[in-house]
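Shared chain: chain A. Partners: chain B in the first complex, chain C in the second.
Here is the complex of A and B:
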């Protein structure tokens, strides 16, 4: 177990390093002079000498490979660097933006699970053919609706139509509801899609017939037997869902004018604030890695066939009956 | 057809009907049309009676079984008839009525134990659940009762098993768990739907013996669904033969086997390998054209598929030809589970045998005996840990590159499951020409012409060429797989359980085809099977494998007449149908 976690952590560091390298290459390959960005758009009268001084201060005059190693060494010390336009540490900027984002992301995830899983269960549980067919057709629709348009609709309905929630800002719980719903729509639709498919397949498994042959009613079949088995494939894509939530905040926070990681990302990209964008990429990669590690640790608790540290393949190859 | 037949002297039937099915018809609705799976079934099961429904796949026997407990697929429905259980008609009964009967009054033992238990729940919980559903016990007493039921089902160390998960048990043990689930409610009737067709023959026998004992002990009735007439003859008081959704014949085993009145029953008896004598593959079943040899081997000027450098002996008609395949002291180790030290799992231990040219060598054993691994070593799909593989006198143990590719042309493989071994997206023509493309043989038009020839050789109509596997039956698919193997003119075919996924009458046809192909083409076969009855029909020599070792090798007649190893004797005794005290016509 300890060995397994050690190995996974080593892998996580590898993933972060790869994310750093790729983002470094992509960002530095972009056209534009970072020194001019540091000076700001208003600095029209800046002299070449002053630009050189700025380059020297941020280490931009060194060869690319030296910059790469310098920043990597900084990362190892936990230093994400400084934002170019503001000169503030990247870790501070991310840290300040995070709480507000976590609020809407957590509420969004909760809503997504409740409505996504609820829809999937209802669709497979319902004896009414027409209703179940209607429910099955909803998830693709949810994935297809553009987030910004849906966010504008929500504002139209619930801020201006019936003034229940504020249209902008981050004051109080009420301000988190509409952004969270915006985030929950594609995520919940993904969960509903996966889980309803998975439940449909699970309910066709022979062991479900065994349960029915015992005399069990549909509720027992669904909740005691099918759901846990059907949840396993859905759990695999949790990492994907977290990524979807993070990218969703860019739209949600922009439309609802909320400060947060999404807004910071949008601004950083627009301003070509390379260290900040890179910091956010690394943060997202870190969240992804941690999520997947947690999922892998939870798996054996839900499925006794999976033993940590011993891949299934090895057993199959060994010819041991599964 | 009579409703109730007089009980035979050895039948304990008390003439109190437990189950009366009358005029049952079940329909499957698909988008295109409706299929009458069961058209007219009437049968009665008396208290304590064991009745077997025998038929091939598609005969409606499983549908009938599932209709009784109303566990039909969602697109199926009962359109006519009645199913009276202890006097109550279950057709059209309220859901609660049916649920009260399921598990408590009627126990169902399903077909494939490896997929019929919830993989994420403990064994004990799954057995105890029956009592909890029917309110017969609380959580605690149910657990205790579950252990007792597992013991009665013949599972060793039931306390330990109850705490385990399904994947930690073997197939046979899982089937005992399912029997425990079926009996724990104290049912009046057990429906066993092909309960052992997924199990090894020795395990099959133990399970069926145990089911018989339980039935005798408790006086419950048994409805056994099987495709194997031998099993039905051994186990049932009465046999019901079904074909195409209709009961064509019913009676005691003696009546049905010795005086079959319906032609279908006669065909079924003739095809059942377990009821047949040795070496009587019916070659008439696969009439082959006279010029088959020339057509498969080619030889016409400019034929791109002719094998030019093939030695004269390689056609198998030379009595002094050397053995086509020789295995010397083959060993295959797989690494043991990680963290368990340096131990290895020896799948094949010091196996030596040879396949004579133009003949069939059968490798027999139960699952896990190492027979498939041995075949993979011979095919060079896996590398041996030690030992030697000789093909046509040449050492191929370490052949690679060009040599290995040439070898792939001379040795071909036919898989067990024709439903899984054919790419569902390709047409039959594409499937058969695939190996030709892989070896770069012929032009597109020539390959298509060859596919047409080969389809004819395996006795399929030319119309199948444009179809896809899903449109063909299991037997037709296996013919396609054989045609594909023949496409590159191989000398040796490795047949891995080629008929075990097929119905008995189809089995007989495929075996007939293989035998006549061998005769006309001089092919050599390495035939892998768990079914001794099939081996007896097709093989010249046989090797019996157990736990990676070859325990007995010899001519088929010798091994079957006087087996020298205890394990071989156990295997032979376990063949169903041998206890039938009848002279089969």
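Here is the complex of A and C:
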């Protein structure tokens, strides 16, 4: 187990390094002179000497390879660099934005699981063919609806129309509801799609027939026997779901005027705040790495056939009675 | 050119219209009755909520923030040496009770009021003015204000309330620059904090009618009334403190949400009203506060180093093929003016040159025929195997740009000129400007002084248009060296005439700043730079 985790940590560092390298190459290959961007598009009377001073201050005058190594060394010390327009540490900006994003992402995930799983179970459980077909057709619709439009619809109905929730800001629980629903729609739909498909398949497995033959009712078949097996594919895409939630915050936080990681990202990209964009890329990569590691550690809890840290051969041998 | 993402905005406008159409419930109009309150007595007290599009990013007045939205906030914190009256465009006393320039505009003397204090209680002195200006020079291009100090020699404290700013080269635009937010005077407590650490505004100590209460990034900036404020510019006709207890600048990025927040009564004033929302708001009796931006107008700017448009005949032909009124009516609305000169009508020294830009496609065709551009089979003119095909460089950050340019494309097609539209974000626009891979640039620049002509057209400045015209250059330098404002206006008029007669630029429309308020709100005005003026005279109604 320890060896397994050590190996996974080494992998994680590799992934982060790759994310750093790719984002560095992409960001520094973008058109535009960072020094001119700091000065702003309307700065027409800036002298070349002043621009040079600015480049020197941000280390932009050094050769690319030196900048690459400098930043990488900083990264190893946990220093993500400074945001160009504000001069504030990137880690502070991300850290400040995070709590607000976690609020809506957590509520969004909860809603997505409740409604996604609920829909899948209802669709496979229902004996009414028409209802079942209707329920099966909902997830693709949920995935297809543009989040941006859906968010505006929510705000129009439940804030401007019936004033149930505030349209802007992050004060109180009420302010998290509509953004969380916005995030939950595509995520819940993804979960529903996967789970209903895998539940349908699982219910056709021979062992289900055995369970039925032993006299289990439909509820027991569903919840006691089928769901645990059917949940595995849904668990596998957790990484994707987290990604969906993170990228969804750009739209949700912009439309609902909430602070958070999505807003920081949108502003950083618009301003070409290169260190901040890179910091966000690395943060997101870190989130993926951690999520996937957690998922791998959870597998054996759901499916005893999966054993972590031992090669397949060893497992088979272990299963052989002495 | 603010850094707002206007491109997405246009899309949103459409999406929002669709939303409204699809949602069964009506977008309820809380505003019924007449546009009340215009002449009522201002109510003292109350908290005003003002929705802006962008986080200010930096509350350091001279720092680089998010452009207009930042200055909306920081204008409330600092006062300026001079005040530019938005009704007359004249410079009037403010923190300086009098001022004078020498004949060649290299030395400016300001005599300060002696009754002004900063919000930390320290009195305003000549030393503060010097320290503020020297701080900007030290900050270099990190400060938006540094370009107002080209040729800066130094500031001398003559006595406690007299200060002299000198330049090595003439800078007749300087008095006007002093009225802008970035040159607002800050106290010693501000300057004691390193430049990079002032973005949160905690250290900003000004003499303005409001002080910072709190700033929460991406959420809101709360300002509170400054007690004892008593030095509003005389022409504002306000002699005391602000009426409002507080002003909250709430960041609401999406224009449609700002509009909805206003119509549903959740905010009192909104900034950055989109042209598409103007009709909705006026139909529901929400008053608009709008003013054309001074500066150089939106239009076709030619890169005269390119072979086809280096010919003045082609440029003139394009001028007569451009139907600016149609573009204004289609892509924008009546709040926007059709351009009449390189300068917008609200710029000091503006002169009407619209005679050069009559819409006359027949004349246009005649000019092109005369220059040897013959219509090809595909409807595009040709000369010696070269097609009359031009590349337009433009920024996608203002929604109506795309509609404007697509219409222009059709208008020019009618006389046999092909336009290829190359749009992009600010960085890629700047990149193409630098490389010169364009024939026409669709751009504007808001600035409250005619010196904007020099920064746009002088071969000594960035000169992205590659102009080499000694006659124009002499005029551009002369206006900068004319200390007398009336004489300077004459030089600026000559420069506009030169630019129009050489067809270096064809004006199409003047960018306009639009705010909208609740019908009961009074006293919200735009300054001479068409950005939010101080809210000293703003007030809410007594009761909802």
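Operating definition for what follows: the second predicted complex is superposed on the first by the 305 of 322 C-alpha atoms of A that agree within 3 Å, B and C clash if a C-alpha of one lies under 4 Å from a C-alpha of the other, contacts with A are read in each partner's own complex, and residues count from 1 in each chain.
Here is the rule we use: a contact is a pair of C-beta atoms (placed from the backbone, for glycine too) under 8 Å apart; a residue touches a chain by one contact, two chains touch by 3 or more.
Just so it is clear, the model here is predicted, and its values are computed rather than measured.
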More chain A residues in contact [chain B versus chain C]: C
First, second, both or neither for A:153, with chain B first and chain C second: second
Which of chain B and chain C A:78 touches, first, second, both or neither: neither
Touching partner for A:48 - first (chain B), second (chain C), both, neither: neither
Partner chain in contact with A:229 - chain B first, chain C second, else both or neither: first
Residue numbers on chain B that touch chain A, as the complex places them: 69, 71, 99-104, 107-108, 110-112, 115-121, 129-130, 133-134, 165, 167, 170-171, 178, 181, 185, 334-339, 345, 347, 367-368, 370, 373
Contacting residues of chain A [partner chain B, same complex]: 205-207, 209-217, 220, 225, 228-229, 302-305, 309-310, 314-315, 317-322
Chain A to chain C touching residues, read off their complex: 30-33, 35-46, 50-51, 53-54, 85-88, 93, 96-97, 148-149, 152-153, 155-157, 159-163, 166-170, 254-260, 263-264, 266-267, 270-272
Residue numbers on chain C that touch chain A, as the complex places them: 1, 3, 5, 12, 15-16, 18-20, 22-23, 25, 27-28, 51, 54-55, 57-58, 64-65, 67, 140-142, 144, 146-147, 150, 196-197, 199, 216-220, 250-254, 256-257, 260-261, 263-264, 266-267, 425-431, 434, 445, 447, 455-456, 461-462
